[in-house]
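Chain lettering (A, B, C and D) follows the sequence in which the chains are written, and residue indices restart at 1 in each chain.
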Amino acid sequence: MFESQIAPTYHLEPSEEQESDFILNLGPQHPGTHGVLRVILHMDGEYILTADPVLGYGHRMQEKIAENMTWAQVLPYMARMDYLSALSYNQAWVCLVEKMCGYEVPPRAEYIRVLTTELNRISSHLLWFGAFLLDLGAFTPFLHAFEDREKLLDLLETITGSRLTYCFFRFGGVGADVDATFLRETQEFLDQMRAHLPGYHELVTGNVIFEHRTKNVGVILPFDTSGYGLSGPVLRGSGEAYDVRVKEPYSIYPELKFNVPVEQTGDCMGRYLVRLAEIDESLNMIDQILANIPDGDIQAKVPKIIKPPEGEASMAVETPRGELMIYAVSDGTKIPYRVKYRVPSFANLSIFSKMARGQLLADALAILGSLDLVIPEIDR
Amino acid sequence: MIKSYVRDIITGLGSLLTGMKVTIKVMFTKGNTVEWPRQTAQLPEKFRGHIMLVPNESTGFAKCIACGSCVRACPSNCITVKGAKPEGAKKKSPTLFALDFTKCSLCGLCVESCPVDAITFSRDYALVDYSSKPFSAMNLLDDVASPFSGGSE
Amino acid sequence: MSLIETTLQKLDVPAEQLDYAKTGIHARLSITSDQLQKICRTLKAAGFFLETITAVDDLAEGTMRGVWFFDHYSESSRLQIVIESSRDNTVFPTIGMIYPGAVWHERETAEFFDITFEGSKDSRGLLLPLDVTFHPLRKDFKRPKHQIAGIH
Amino acid sequence: MISEITLIRTLLSILGITVVVGVNAIFVVWFERKVAGHMQYRLGPTEVGPAGLLQTVADGLKLVSKQIIFPQSADKPIFILAPIICLVPVFIALVPVPFSATWQAHELDVGLLLVIALGLLNTLGILLAGWGCDNKYALLGASRAVAQILAYKIPLLLCILPIILLSGSFSLREIVLVQEQSTWFALYQPVGFLIYLIAITLETNRSPFDFAEAESELVAGFHTEYSGMMFSLFFLAEYTYMLVASAIAAILFLGGWLGPFLPGPVWMLLKIYFFLFLMMWFRWTFPRVRVDQMLSFGWKILLPISLLNFLITAGVMAAL
């Protein structure tokens, strides 16, 4: 369409740029940024003076695309924003439209939705676990996490048809039913996962080098959390027990018994422990779902062309990275008038420049890894 | 001071050894790598290759009636359909059914929107070519018989 | 008395209660732009966190609506603040000094809707390339055929 | 006038060393990828040659055919010199190493000193590489490698000194012959053995201490800008350096070629590959230590303990 001929020249006000400084480009193509994030680091030796993320390398103007598509056609684009937890995004969009149009979802479909979303949360945390350890220099945990995640992706592929970018939920239900073999395989996965989790803790959590690399590194003070609008494990690592599944319950979460893991330290180790505890919580939730999944049909009666009544609405959902809120304005036609995606990684990254000040380069990468960022979600 | 100094070293060393125990244990367990050229992984039943036209069992022609609902349903408008009514038949039949697979996101909205279930996902995953040109205009009519006498446009 | 009412009680500002089940928003506040910073200070003191800042370009009524969303960690109370303004050279006050996280939201909204947040210390664009002159989310945005300076 | 025998002997030893370096590099790279694979539920190379043995040869050929790219603003002479300075000292370090009672390139009565001195040149090569290619990440990697010498060189020397006290000579052959009468020095010096092990992982920039080429932080550290054969020179230097370090470890602590049934060289190779496996095991288990943590670890833990160990040995030796 158009290319910007002028390279983004980036210059600080003269006052900030001393002569002795050493400007380092972390990204946009760098093993540590897991995506096209560019951070301009102003370094003094190995210590970072200022860090300024430059965004937009993966920007596709999702919100304008949503203004050219019908309500149903926007669903596949949801999976392209946060490809690690596409089902949470599916759920947010589908619940939003159901809330606006007032469709009822049959209970079995709700159970299948939460079952697949929690499996998706585990697969997202497993990938984060591997990537975080890769940032700290350990190669093996990545492969161990993928050993389990592979089984999970195969499992989800049997009913959704895709491994990463799911387009599985439908307005008023789900795309496909769950049969006995799927439930048996899920149980097998749960047992394998529970057998492997202690191995993760032995290999990593106790490790003295890992402790030195993560303990009180990148501490987020409770004072800052509301200033930057943090959410998800990044927030729960600093002592705030805010989880959208508990605070604004949707779908069948009120019927499931699960507690929200919280750490008080607010450092990389705290966020790490919160996410591993969340894998346990999700496993328990799936147990409860497998135990009492009701029978019945999986798709409510829904008109062919979806036309939500005029007005606006918002839907908040807990993705593995935090609170995703979609705010949509409808003018009664089959095309959304305005859609705004409030993405968790956007807020979680905005605190990075404050946290990276004065840290070592190695710590800055540990912090970036512990924030569990998905860059296409930030760039939208 | 000395006691905590020595204790730190001992616990540190201990944690390193437990870590090493895990890796050596994994070294002797068998991973489940599928050595691709010799063994092939089992394809799940709901696997999504590029879409293809479903032939009618009896006549062998495509079930598709060229109504274009899949064209409207597709978010990245990668399907183009032209249809005409072959002589002596009630319903239209597609003369051109082209898929731009380079833009398709395999979301399945077309498969669901088809009133006569004329489209399903194919199962071939090893699509490879020297350029993307052959995939940008895949003619799906090649794999089904054509009701029109002579070749379709 | 929900958290929103107790917080806004002191400011005698008309908070319109909404049906949460249908819209997902607890209360909406339509104010003028000079009250915004005062309200944000009381919200910050009460522990509300800023969810997002955006705008809606309403072509039919010819207005540009600035939308601010706040929520609270302890009790779910989504508050939506709306400021109506004219569609061209709209100006909203910045809340960057109250909520540091707001700087990015403001940069993005300014870039997409051609809004100026006066008082904000960082007026660069966020997601679009630095030398872009068009504003994509305005309803009258036509896809540019090489609108960038220097390309013919 | 050099007599013919010594001439043939030197030619043979030169040939021997290059063969040892070449075959070792091929085998160790394959061995490391197999070990890494199996430790990560994978298989490692299986396609080229029997069980993937020729994979390294294939990689080598590929690297040879790759174009060597010189960055425009690179300092060309230094850029070319760096891999050579990294590799050559490692070849020379193999001269005094006795692979068995008779298999030794050249008997030097100060063999141990030579090897330790050559160990420093490796870091000089890394610094030249980091500075030569005018890349900020490489510069950071090289400056880390320089800071690293201080942390491991002094503890390394301090835990070698007790061995010299015990054996009374710097010659590697003598050290092994002394161990023939008494038992392996590792039993006398368990602490020294452990510190030496940590020091050689530091020395060869491997496993928890691989800052110089920290993939996840510094893209590829000092050899970011190197491609083709020059990159493989660094690679060869690293693996040969591992061979030298573990050979010295085998000689000093586990009695070089001594062993009950098998002939000398086989025992020597077994011990060398035991140490190599240990280094690989470290690499595929631990995350990377931070530079300042490593420096404080070196100064606050390695140095005092190795000093203490040396004093105790000296005290005990004096008492006996």
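We take it that a residue touches a chain if its C-beta (ideal position, glycine included) is under 8 Å from a C-beta of that chain, and two chains touch if they have at least 3 such contacts.
The structure displayed is predicted, hence computed values, not measured ones.
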{"item": "Minimal step count in the chain contact network, chain A to chain C", "value": "1"}
{"item": "Selected pair, greater C-beta contact count between A-D and B-D", "value": "A-D"}
{"item": "Most widely separated chain from chain C, with each centre as the mean of CA atoms", "value": "D"}
{"item": "Length of the line joining the C-alpha centres of chain C and chain D, rounded to whole Å", "value": "61"}
{"item": "Geometric centre distance via CA averages, chain C-chain B, whole Å", "value": "41"}
{"item": "Mean-CA-position distance for chain D and chain B (Å)", "value": "49"}
{"item": "Computed distance of Cα centres, chain D from chain A, in Å", "value": "43"}
{"item": "Of all residues in chain B, the ones touching two or more other chains", "value": "16, 19, 22-23, 26, 31-32"}
{"item": "Set of chain D residues in contact with two or more other chains", "value": "39-42, 284-286"}
{"item": "Where chain A touches two or more other chains at once, by residue number", "value": "140, 144, 147, 203-204, 207, 209"}
{"item": "Chain contact graph, described as a line, ring, star, complete graph or other shape", "value": "other"}
{"item": "Chain pairs in mutual contact under the definition given at the outset", "value": "A-B, A-C, A-D, B-D"}
{"item": "Contact footprint of chain D on chain A as seen in their complex", "value": "22, 24, 30-32, 46, 133-140, 142-144, 147, 203-204, 207, 209-210, 212-213, 360-363, 365"}
{"item": "In the complex, chain A residues that touch chain B", "value": "69, 72-77, 80, 140, 144, 147, 154, 157-162, 165, 167, 170, 175-176, 199, 202-204, 206-209, 211"}
{"item": "Parts of chain A lying in touch with chain C, wherever the complex brings them together", "value": "1-6, 8-10, 55-56, 59, 61, 63-64, 96, 99-100, 102, 224-230, 235, 240, 242, 247-248, 311-316, 323, 325, 327, 329, 331, 337-338, 340, 342, 346-347, 350-351, 354, 379-380"}
{"item": "Residues on chain D engaged by chain B in the complex (per definition of touch)", "value": "35, 38-43, 46, 281-282, 284-286, 301"}
{"item": "Chain B residues touching chain D - in the complex, by the definition given at the top", "value": "9, 16, 19-20, 22-24, 26-29, 31-33, 35"}
